[in-house]
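Given below, in the form of structure tokens, are the structures.
Shared between the two complexes below is chain A, which has chain B as its partner in the first and chain C in the second.
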Partner chain A sequence: MRPILLSGHERALTQIKYNRDGDLLFSVSKDQQICVWFAHNGERLGTYHGHQGAIWTIDVDPTSTILASGSADNTIRLWEIKTGRLLKTWDFPTAVKRVEFSEDGSKLLGVTEKRMGHLGTIVVLDIKLDVDAEQSDEKVMTIVCEDSKATVAGWSYLSKYIIAGHEDGSVSQFDGKNGDLLYNIPIHELNQPITDLQWSHDRTYFITASKDKTSKLITAKDLEVLKTYPADTPLNSATITRKKDYVILGGGQAAMDVTTTSARQGKFEARFYHKIFESEIGRVRGHFGPLNTVAADPTGKSYASGGEDGYVRIHHFDKGYYDFMYEVERERQNKLNQQQQQQTVSA
Partner chain B sequence: MATLQQKHDWADDDELEETSTELPPPQKITNKDGSTTIIEYRLNDNGQKVKTTRRIRYITHREVVNPRVADRKSWAKFGLSAKDGAGPAPDTTSVGENIIFKPSFNWRQDAKDESKDPNAQAMKDKLKDKKVKCRICNGEHFTARCPYKDTMAPIGEAGAAADAAASAADEAAAASQGTAGAGKKGSYVPPALRGAGGAAAAGERMGGKYGERDDLATLRVTNVSEMAEEQELRDMFERFGRVTRVFLAKDRDTGLAKGFAFISFADRSDAVKACAKMDGFGFRHLILRVEFAKKAA
Partner chain C sequence: MAPSFDHLRDEDLDEDDFDVDEVDISDIREKYEVQLEQGYDAFVVVDGLPEVTEEQKPKLVKFLLKKLNTVGKTREDLIFMPMGEDGKSMRFAFVEYSSPAEAAAACRQLDLVPLDKKHTLRVNKLTDVDRYGREGRIDDEYTPPQIEEFQEKEHLRSFMADPSGRGRDQFVMFRGETVGFSGNNEKDTPENIVDRQHWTETFVQWSPLGTYLTSVHAQGVQLWGGPSWTRQRRFAHPFVNLVAFSPNEKYLVTWSNRPISIPEEGHPALSLDTPAAATAEGDAPKKAPKFPWPAFKWSADDKYVARLNPGQSISVYELPRMNLLDKTAIKIEGVVDFDWAPATVQRDGVKTYEQLFCFWTPEIGSNPARVGLMSIPSKQVVRSLNLFSVSDAKLHWQSEGAYICVKVDRHSKSKKSQATTLEIFRVKEKGVPVEVVDTIKDTVINFAWEPKGDRFVIISTTEPVGATAVPPKTSVAFFCPEKAKGNAVGNFKHLRTLEKKNSNAIYWSPKGRFVVVATVANTQSSDLDFYDLDFEGEKPESDKDLTANLQLMNTADHYGVTDVEWDPSGRFVATWASAWKHSMENGYHLYDFKGEQLREEAIEKFKQFQWRPRPATLLSKEEQKAIRRNLREYSRIFEQEDAERISSADVAVVEARRHLLEEWFAWRESIVQEVAEEREIYGLPADPAAELIKAKTSELSTDGEEQVIEEIMEEVLEETEEIVQ
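For the complex of A and B:
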């Protein structure tokens, strides 16, 4: 596995995201530009300019036409992916920490920071998936997080719920239509912020990463914890892979402590866990700083990680990755193969 | 034409070619196995003719790609990449060193061996069950405290490993030495006072088995090739009887042999035989000189 190093950013990466077809990779960092790369060879397609502050978050709509980004300059911006043209800017009172398109791309949620007397909010905007259409200024919905600010949020299947992870380690479920709070469950350790929330391909369950050194797989419908993946370092990001039942966790020593710890102790590795058996199956080294964000290719061919060191590394999996199976998995595979053979014989 | 070619001396061929500035036209040959050989000529910076032969096989690899993905590949670059040509730009994209990633249940065990070395704590754990070994006699003491340090040069590592029988005897001797030296508890004893405590031990040492072996069944081999290996010497001398120890002096920095070696036999009669036969033996272009080792002064 030869990683492709992308050095388009001058500062720490904050989020990376594949589009749905898995051919484009978007990356944002604390410098003020967005980069888009071809995932297969690491070629940079372009950059998007306009933000005046660190960019915290990015998302791409399911048709790969429009890009949304949220920044510390208190704006959410929409971009045309193909040309890099700025389509729309929404202003907010505080920084935007997370944006996410709904499953069909018709809505966009944004998580705003709690600061300067403003409470943290989750705002929902209507999006017209057309680069030439006029986007409305109106916020469709605003959810105010009074107890603990939301750090991450996302849309569940069919935009039915909005799931938010909070700074106090709890996870909330809001109604996707009217914004009512349905559940708020303490999932992670108290006051250990949830740092990432990424969906399974069908958005029925999601994975969280937390500073409490664990990552959890949770259902969207009733916030039931399905699996827990313990790590030995604070986690910044977690993602679910396709094709193979793995999860990838990224983390490491907190960024401010990096200079006082050696690279080996810093645990700057991507950790692979088996999604179902919850056991760690391997690590991938390479970054010189903590991993701030990891993303798995929706086609299952690769994964990418972005680090505090300013690099994005794209890893295309090789045969050993696909061949690995637990004994029970292999037995099941053999049984299925036999059944298939019998069926073909009888037919 | 034929006569002209006959007259032409083949020895001039080379020179003629060099002086001609004309380059032969590139050739393209289709091989039987489907590959193509392309031969091209060019002049390099020194005006010399360079012939490049490439053998190429074209394989058509068809891949069905999502039409949306295919369309995106043809998009024009924009932003900071607007001026980049086709393909990855070297300033933003590079390829890292190969990472071997193989998921496994016991990856932790595999990884541990790698991470151990630079770690001080791990090093300590490693050394926990290591014993102190003398470089001179293989005894369980530091080389500086070896009772034989005045009489023998340090033995090489490979020789030491093979020296099972001899070291067993040494250990017994070292153990007795150890009990005598236990009272000192490692503190420094001036040379003037050393005689009093260790008199008995010293006496024993002089008549010890080690000295006997040194006298009786050890051969000194000189004029050994620099490239010689201990194993080679061992093989050569083992023909005459059981060899208990081979020591080939090597340079610490270069690892090359210094040109002399000691061979200890289990039996003196074997040593006598070996001495007679191997003296003057040609080994690696050099003639060996074999004699009985003299006791160090």
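For the complex of A and C:
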């Protein structure tokens, strides 16, 4: 199907995110704008004004009530999605590179940049999922990353752990309650920063993307690497699709490294891999800059990518996408269908 | 009596006014300190001289001096030749050089040098003679040296036996810092044989028959081989840059742009089979960096090696003794280039053994340029050809030495325009007739003979070749002989020209018939055209008298290709983009001979790809013919095997996938259950957000009445346009 091209940003995209129902798509970019779009037709619902710096990150709570954003103006802001009203601003000494709600929306974590003598930190804030409630100023918890700064972080299932990806290619597991470091495991190549970390729907495992040109599927519980997806270009983002067992990777040669001799050098494509078999299935072209962020619709109907070129492209999947199956998958499907039939018959 | 330690007087022990450390004795020390063995280091002993009488002696000394002064400085009065009681010399002499370094050089370079036909010099350091030859150092009784028990070495040709029985060729890949060998597996991942980090420092090179792999290091070169890839031999040559083998792998020449500086070590030329290393003249490594490579050219049977002295002569050395043939270089005034016949040629009507080489000289003064064919060892010019208005010439031998094509670039009288003629010597025919192809109007930039065949391809361009940003358009032309009666080869005729190409390189299949015409090292285009010259389809009427039927089979594109190589069997073509030339999309492609891509792999910092050469077949002509006759039967067997292998590979893949799938769902099941249990313990709902959403929707619905949202979608099913008149 033809992709929907969203041209609402004037500068490079930094993150895009679907809400839980998959009907809204939020996008932030370096042009200090937050946009929200209808995912099914690409119509813009509105924008959120207030940030005074490039916005690095965004997240939406599970009920699609509140929006959190982190920016280079050293703030995390909370917005009411419906009205665009600014609910709360937290100030930090440095830029905020990542925000994420916990699975029930009661907590928000923020990753702050290491700069000007400040170490990189992961802060946790308590959130009341009520647009009229007073949000607390207090930080519930602050984790200081002394060795290598965290670039990305997220909450695991039950908010049990905070998982962080670091600049040196390692992944840490912190206790979600008290912030103790439980593990720090070198997962990606040394000193190749982890650029993205996205969860499976039940937050039991996650996918990382790294500049070392690989993406890995890792368990939240004991940081075991389940799968590795090799690409031929530095990766900026990776996501796990619903309904089908695929992962989507996005990346491309960094703008400053792109040679002028050949457009094909850039490799500005979204790559689909089979999640379980680790084999590449296909690529989607279209962007004319590196892909900075990819997101999969939680309902499995579409995916979107945001590029350095300032565009967001929403792709709705065709029938062929759903029909495609490896023979062993089909085998399993048939078996399951049979079992179901038997059950209904016996019932 | 001078004060000594034994007779100490009391006043000598008066420490108040006498401090040993204060006394400066350095001048005395310098004067009297005994320098061990110094003084003899500059002496050498020359053995193996002829026996002379007192009268003949000055003559011999004078003659000897000439030799001795080639490596250092010595004088007549520094040569001492002891005479025996019978008035005859004792056949050796002591020689003093002006420095120990010169003496060392003399031992290195003059030892084993023939003085005349009967006598060979042996030169040793006097200190060595003293050290090893002194009385008592050598047992009077002969004790036989212990001969080490024979240890069987690995078979160096074991690579010829492919364990899968498919006769797959091997190749070496040098990527990043790793060197690895693999067996060609066509479409599948190559089967890795061995992979080592930092195996070489600069590049790797196969020996011509594929027996050894050469790795190049700062200290020298190493040869590797055998089934377990052990080191076979090591040759020290500091800062070596280039390596060249003789055609039969007997000899190896290494070259460095720095002079050999470590004494006692490093010979520019080393032999593999003879324990005494044949040392070429030591001046070779000292030449300027623009030294022509290979510096030494070998005859096809490794019997002779020759070196060009540009503009003057060609020195031909006999192996294994490495002595100059007939003791003099062959004087050819103005000689620019020469090349040995790549195979031992049997000329019509010539019975004696000979090796041929071809050389050319440019126009000097009013003398015309000349191309000559010389026979060695007789040094006879068997054929020569005079040419006028020549600006350059290149020599191209056909692989069997049956033809040599001299590509002559001629300028017009005004020296403005250039045109090329091809002068083809039919070496095997009586009297070596020369045929001229002068129908080409343009400058020919590339030429290649069909291996073992008699057809050739040229690439020509109208514009002068220079360092232009956009390479000029080229045309590719095919030539083949006319049909002739019997076994004779007819005149070379133009077959076809393909205009407006970008191609700049020609790669013939080692078995002939197929040729790849490619555009390499070009940023704009990178075509690979695969041609068949014996196409089995219909032949155009115009070509019916020619011995070729040209057909373009396929055109492939490999972006940024820098090198192309056929495998030794002529079944596959590897093309690669080397990180040595540029850093874009480094990696290799593999094609079959039809130009169908089998494999493509992008590897960062991919540097080098080289097929392992194979030695010549051991089958006789008849056996080969028999195989060709029954080819259909053989191919049926192979096809069957291929099909079986593919299907079994498929089964294995499916099995592996099934396993992965099971593993994954097993893990999912366990983790889902675990999380559910944990949730229950904490008293959390199964779905953390479900409750929240429910709460929110109920809140919303109480706010206002239920809303119906209608969306109208329009879809155009068909659109027809009719023009109504």
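Quick notes on this structure:
FYI, the second predicted complex is superposed on the first by the 332 of 347 C-alpha atoms of A that agree within 3 Å, B and C clash if a C-alpha of one lies under 4 Å from a C-alpha of the other, contacts with A are read in each partner's own complex, and residues count from 1 in each chain.
Throughout what follows, contacts are C-beta pairs under 8 Å (C-beta built on N, C-alpha and C of every residue); 3 or more make two chains touch, one makes a residue touch a chain.
Just so it is clear, the structure is predicted and the values come from calculations on it, not from any experiment.
With chain A as the common reference for superposition, the partners chain B and chain C occupy clashing space. By the touch criterion defined above, A:R313 reaches chain B but does not reach chain C. In the superposed model, A:L24 makes contact with chain B only, not with chain C.
Contacts of A:S7 after superposition: chain B is touched, whereas chain C is not reached. Of the two partner chains placed by the overlay, neither chain B nor chain C lies in contact with A:L182.
Set against each other, chain B and chain C differ in how many residues of chain A they touch, and the higher count belongs to B. In the overlay built on the shared chain, the residue A:A133 is in contact with neither chain B nor chain C.
In the superposition on chain A, A:L336 makes contact with neither chain B nor chain C. Once both structures are placed on chain A, chain A residues 264, 326 are touched by chain B and, in the other complex, by chain C. By the touch criterion given at the top, residues 20, 62-63, 65, 103-105, 129, 157-158, 160, 202, 204-205, 219, 221, 226, 232, 245, 259, 261-262, 264-265, 276-277, 326-329, 331-332 of chain A touch chain C in their complex. On the side of chain A, the complex with chain B involves touching residues 1-8, 21, 23-24, 33, 37-38, 41-49, 64, 82-84, 246, 264, 272, 279-286, 313, 315, 317-318, 320-321, 324, 326.
By the touch rule above, chain B contacts chain A in their complex via residues 66, 68-69, 72-73, 75, 77-82, 84, 87-89, 91-105, 107-108, 111, 115, 118-119. Residues 523, 559, 584-585, 602, 654, 657-658, 660-661, 664-665, 667, 671-672, 674-675, 678-679, 682, 684, 688-689, 692-693, 696 of chain C are the ones that touch chain A when the two sit in their complex.
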